[in-house]
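Two complexes, one shared chain (chain A), two partners (chain B, chain C).
Here is the complex of A and B:
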């Protein structure tokens, strides 16, 4: 088989084996490629799928992208149980092992620095949604049917006003939450709000943040998020994680963007 | 009541991280997801209603 090398992550050497049944991208079990003080986790993938042109074409196929993303995540997830991996972006592919080694050697210093920074840390994702239509308050009497055009306009105005109030509350809720959680985390990143067409989630996504948290402080962090459940009506908080520190992997890049 | 939800990993959450996060290394196979709006454009084609006002999560980082 004319294999290319798909690289998931770079880690420091770790003692425990990965789960035996683990399959990676293209069904190939992840293998370890050690070079000096680092280990790259790679799969052998078919050139017919992962050379530049086929890869480009495949990315137009959401099903294909989904399968690769899930497989990639499966391997990173397994790694996260035994070490704190430095994940690479989806679709990082090399011709052969020696290409991977050359890359590891060229970036050794930066990898080691980032691995130190991420050691023992995980990423938690927190999203805030605001419902498009506020739920009618349970205590309020059912809205009377408008009997005239003026009644109708008045009811409409009230609905618009309560929607505006909700946006405002959601915005300050999200800002406060982000401040609180940033204070409890070592670092944070804001992702672009998710599009409901892609996420299928109801309501509008007003905060899509990632927080870097030491593993040992995760419980505390999650409790902090859980306590927001007594927040504001019409606002929903969603927690994801723990993730490998995907959003915090690009040290130099993040600094450039932050300027 | 605000509800804190936990559920299976959604594809969008995954793509936020796999396509916008992770170390960007130019491999031997030059895909350069980081440099192009490639994936976003293609997803646009698939999902016609992507909102143009939402900034691209796949911004050029160089």
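Here is the complex of A and C:
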């Protein structure tokens, strides 16, 4: 056996084939490694890239990390169209197939429990952005130049106030939205707001949440989000998904290890 | 059996899902399993993407035009100094403006 084994996910056996053109991390097509009642989805990866030292070095390289993250997500995404996979964290690597099997056997019970919990569910991501304050110069009616110190302070106060109002509106909007969507989902998680440098999104991210929703209720959920989208000036709602249930996959196992 | 055919069209996978969406899931979420290849999970786990960019690949990030931390006072002492300098300059400018106004007003107000 040459190469290492990069594991994307663990699933129950599923009937449909993955799309034929799919390539995974390092360009290797994902393969299925069945063991007892479980299937691991695995790529063969080069030791020159995924052994301990090169992997550590690569993780500091944003381009490399981005490519691997996209490949990883591509495979998980393809799996999500045919089953409800249990996604593993990026960079889960074993020496050979037997190492993967040993791991599956050791964790069999908790894998099965989590797979049952997530079966038929997907994750939807919902983010709320507050658009940045428009530049005073760009506003429709430019403010007159302050003619006195008092004038200056008054204008400044009004600018601050309108920004405060927007923030307050955005905060109560996000709180309401999260309540509504949590009610329509089986479970929810709040994530840290995203940094605009990485997301490339404009405005400030004030809500970044994930919702666990049964597939059969997804249409309804998406419509609910769509309905909130219009009519709130300065506030933008963004929906992503369906994702594999990344945000809901880890905890049970983490708890077991912690106890 | 699941029924993927009932799913609405994906929103943003590839399109609207940004790099932060993907990284926050594949790096921070998902099941953590120690494989045979031990990478220090701290590298991935505890560093927020923000810190990761700052600490790990400053040069790369700068190359990509990502240099926001330099102007983030929480992260950069230079930014803190810059901010103080900016505030100082603003105050000085306002003071100058007020001083300019004062004599004029004094003239207007005197009968």
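What to note about this one:
Please note the rule applied: the second predicted complex is superposed on the first by the 228 of 259 C-alpha atoms of A that agree within 3 Å, B and C clash if a C-alpha of one lies under 4 Å from a C-alpha of the other, contacts with A are read in each partner's own complex, and residues count from 1 in each chain.
Just so we're on the same page, a residue touches a chain if its C-beta (ideal position, glycine included) is under 8 Å from a C-beta of that chain, and two chains touch if they have at least 3 such contacts.
Since the model is a prediction, treat every value here as computed from it, not as a measurement.
For the composite obtained by overlaying on chain A, chain B and chain C cannot both be accommodated without a clash. Touch criterion met: A:192 reaches chain B and chain C at once.
By the touch criterion defined above, A:243 lies against chain B and chain C together after alignment on the C-alpha atoms of chain A. By the touch criterion defined above, A:175 reaches neither chain B nor chain C. Of the two partner chains placed around the shared chain by superposition, chain C is the only one that A:119 touches, whereas chain B remains out of contact. In the overlay built on the shared chain, the residue A:7 is in contact with chain B and with chain C. With both structures placed on the common chain, the touch criterion links A:235 to chain B but leaves chain C unconnected. In the superposition on chain A, A:60 makes contact with both chain B and chain C. Of the two partner chains, both chain B and chain C are touched by A:90.
In the superposition on chain A, A:98 makes contact with neither chain B nor chain C. Where the contact sets of chain A with chain B and with chain C meet, they give residues 4, 7, 10, 50-52, 55-56, 59-60, 62, 65-66, 69-70, 72-73, 86-95, 99, 103, 107, 114, 125, 191-192, 194-195, 197-201, 238-240, 243, 246-247, 249-250, 253. Chain contact summary for the complex, chain B toward chain A: residues 1-6, 9-25, 27-31, 33-34, 38-39, 42-43, 45-47, 49-51, 54-57, 59, 61. Residue ranges of chain C in contact with chain A, taken from their complex: 2-4, 6-8, 10-13, 16-33, 35-40, 43-44, 48-50, 53, 56-57, 60-61, 64, 66, 68, 94, 97-98, 101, 105. Residues of chain A that touch chain C in their complex: 4, 7, 10, 50-52, 55-56, 59-63, 65-66, 69-70, 72-73, 76-77, 80-84, 86-95, 99, 103, 107, 114, 119-120, 122, 125, 147-149, 152, 191-192, 194-201, 215-216, 218-219, 222, 238-243, 246-247, 249-250, 253-254. On the side of chain A, the complex with chain B involves touching residues 4, 7, 10, 50-52, 55-56, 59-60, 62, 65-66, 69-70, 72-73, 86-95, 99, 103, 107, 114, 123, 125, 191-195, 197-201, 208, 210, 225-226, 228-233, 235-240, 243, 246-250, 253, 256-257.
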